[in-house]
Every structure is written in structure tokens, then in C-alpha cells.
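The two complexes that follow have chain A in common; it is paired with chain B in the first and with chain C in the second.
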Partner chain A sequence: MVDKAQVISLCRSLLRAGRQYPDYNIREYAKRRTLDGFRMNKNLTDHSKVEEAYAEGKKQLEVVERVVKVYLAYPPKTKNIMELKLQ
Partner chain B sequence: SKLPYNPPPRIYHATLKRVLRKASSFQSISFGRFQSSKRIRLQISCAAKPETVQKVSDIVKEQLALSADTALTAESKFSALGADSLDTVEIVMALEEKFDISVEETEAQNITTIQEAADLIEDLVQKKPTAQAS
Partner chain C sequence: MALRNALLRHLRVPVQNLAVRGSNQSQIGFLGSMRAFSSHDDHLSKQDVVDRVLDVVKSFPKVDPAKVTPEVHFQKDLGLDSLDTVEIVMAIEEEFKLEIPDKEADKIDSCSLAIEYVFNHPMSS
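== the complex of A and B ==
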């Protein structure tokens, strides 16, 4: 039985993991995708569907944590233009 | 009669008076080698600074897409402003990034108003420099 607190905790873990990406594009994508994914399934009532979505989220969390390590091994050499502060 | 310790010189009392006078506008207090005596019990707790509350309000307005002239009080609940739990998670993440702090899971679950967020932020920001100094 997956309760609300667990879901929120998973969302937070995914957001935190996605924040570690050195590359601007995938960092923003990770944040966007987790929030969209959780919002999309926000109103699920069927428990089996909720468990399914939660399991999917857990899987994605593993993926993010693994891929972050690869990205950190090859950090970008220059800052993305979107990250530069407006003069 | 011999005392088991060297009694602190009078200068410590003067220092304490100065510290207490500044207490209303304090940010951190360090007592140095002050030997705590049972008579002096110091308890200082202050609510978050207005600037912090303002910064939190700005971030909340941005995250919840409220108009710039929406009146937000420190006691405004996020849920009353139309935020669901996911919005609250986003707000806490944005606050973490803005103030460069890390909020624990249990602490994050207890944030429901702007004041609570500001108080927690100040608490965490205060704890940071001491960790770096040691």
C-alpha cells in the first residue's frame, strides 16, 4: 500500500537526483518530467495503478542516479547560454 | 573557603550585559570562554527576519503564478493559496536553491505557511557557518 507521504518523498528524491546533472538541458528536463509525471497521475484512485506508477517512479530514480554518475564523469566545458545571467 | 574552580572575573558580567542589550537585533551569539552559571539562563528565539519572509513570499508567488500585487501575509498557508502537495515540494526545492540549504524530509513535511518556511530557512542558514568553521 503506497501512501501519500511515500509518493511525495519519491518526488523529492527524483527532483534532488535530477538537480545533480551538470548539463543544463537534461537537468531542466529531469525536473520538468518528474513534475509532469507526478501531476499527470495526481488523481489516480485505483490502488493497483498507484502502485504501478510508484514502481515506475522508483525505477526512474535508479536510472537518474546511475546516469548522473556518467554525466559527472564528462562535465560540459562551457556554461549553457541559458544559465548565464542577464547583463 | 576554597572554590573548586576559578571564579570568572567581573568583566564577564559586563560582557553579558552588552550581549543582552544587543539581543533584540542579534544574529548569532558566542560566549567564548564564559563559564555558565546556574543563575544565568539565556533563551533567545526570534522569528525570521522580514527580508527572509519577503524572499520566501516572492518565490511562492512565482511558483504558484500569483499576480505581483497579491497580498501575502507570513501566516498564509500554501494550501489556501491554491498549492497542492506537489506545489509545496516545488516551493521547498526552489527555497533550497535560493538559500543554498538542504531541508530534511521530515522538516519539509512540516512546512505549511510562509512563516514556517522562513523560520526553518533562518535556522538552517545559521547552522551552516558553524559547520564550515569547525
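== the complex of A and C ==
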């Protein structure tokens, strides 16, 4: 039985994992994609679909955690222009 | 503590006269001078926390900035849902460079709670 608290916890874990990417573009994409993914399935009532979506989310969390390690091994050498504060 | 801070504020030496300690040069104009040997005891002021938290909430695209006050409730007053609340709390974490554990983050559902949490957290910056 997947309840609301678990879904919120999964969302938070995904957002936190995505925050670790050194690359600005991928970091923003991860945040955007998790929020869009959770919002899209926000109104599901059929329980088997909810379980399916939750399992998919868990799988993506594993992917993100693994890929972050690879990206951290080769961080970008310069800051992306979007990360610089306006002077 | 307050007396010491007040005293130190009067005794502050302009940074240009000090040897460069590798401190962040670009911040000096904004902060005045940074005391070279003080321990980290100057916590954020309440007003500073309030302003920054409100800025974070106002810059959220789904929020109407006119409705944002320090007491506003995310779901009841601003019409956000729990996912939006999660997003806002994450944005607050990023603004103040904090890590809020899930148990605490679940309780933050209004601006006042967010302000209180950040203000009472020793590591906010």
C-alpha cells in the first residue's frame, strides 16, 4: 500500500539526488522532470497504477544516484552562464 | 553577547588596511568589513530571514506575490498542493544552504513555520 507520505518522501529523495549534479543543465532537467512526473500522476486513483508509478519513481531514483557518481567524477571546468549572478 | 557585538561594530577595522586573508573580495563592499578573528556568532537577523523566505515564496511561479505575507499558509491561502510545498521547502533549503530532514520538512506548511525553522537553525547562512 503506497500512501501519500511515501510519495512525498520519494519526490524529495529524487529532488535531493538531482541537486547533486555538477552540470547546470542536467540538474535543472532532473528537478523539472521529477516535478512534472509527480504532477502528471497526481490524480491517479487506481491503486495498481499508483504502485506502478511509485515503482517507476524508485527505479529512476536508483538511476539518478548512480549517474550522479559518474558526473561527479568528471565535473565541468567552468560555471554555466546561468549560474553566474547578474552584476 | 549583544554588547560584544555592538562594541566590535564600533571597533571594526576597514578591510582595505588588513592583509588579504584570501577572503572573498567581492563581498567586502556589501558587508562592510569582515572581522578577521571572530568566531561564527553573527546569526542571521529575523528580518533578513523573513525577507529572504518571502522572496523565495514570491518567486515561485504558481504563487501570486501580492498574497504573500509572513503568516501565509501554502496550501490554505496560496492554493498550492503538497508537491508545491515540497518544491518550496527545497528552494528554501537552497537559499539558506541547509539540509532539512524529512520529518521536519513535512511539518513546514506555512511561511511562519519556515521562517521560524530557518531562524532557529544554527547553520543558516
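One rule holds in what follows: the second predicted complex is superposed on the first by the 87 of 87 C-alpha atoms of A that agree within 3 Å, B and C clash if a C-alpha of one lies under 4 Å from a C-alpha of the other, contacts with A are read in each partner's own complex, and residues count from 1 in each chain.
Basically, a residue touches a chain if its C-beta (ideal position, glycine included) is under 8 Å from a C-beta of that chain, and two chains touch if they have at least 3 such contacts.
Bear in mind that the values here come from a model prediction, so they are computed numbers and not experimental data.
By the touch criterion defined above, A:Arg39 lies against chain B and chain C together after alignment on the C-alpha atoms of chain A. Of the two partner chains, chain B and chain C are each touched by A:Ile8.
In the superposition on chain A, A:Lys69 makes contact with neither chain B nor chain C. Contact with neither chain B nor chain C is seen for A:Lys77 once the two complexes are overlaid on the shared chain. Overlap of the chain B and chain C contact sets on chain A: residues 4-5, 8-9, 11-12, 15-16, 19, 35, 38-39, 42.
Chain B makes touch with chain A in their complex at residues 84-86, 89-90, 92-93, 97, 105, 108-109. Chain A contributes residues 4-5, 8-9, 11-12, 15-16, 19, 35, 38-39, 42 to its touches with chain C in the complex.
Residue ranges of chain A in contact with chain B, taken from their complex: 4-5, 8-9, 11-12, 15-16, 19, 35, 38-39, 42.
The residues of chain C lying in touch with chain A in their complex are 81-83, 86-87, 90, 94, 102, 105-106.
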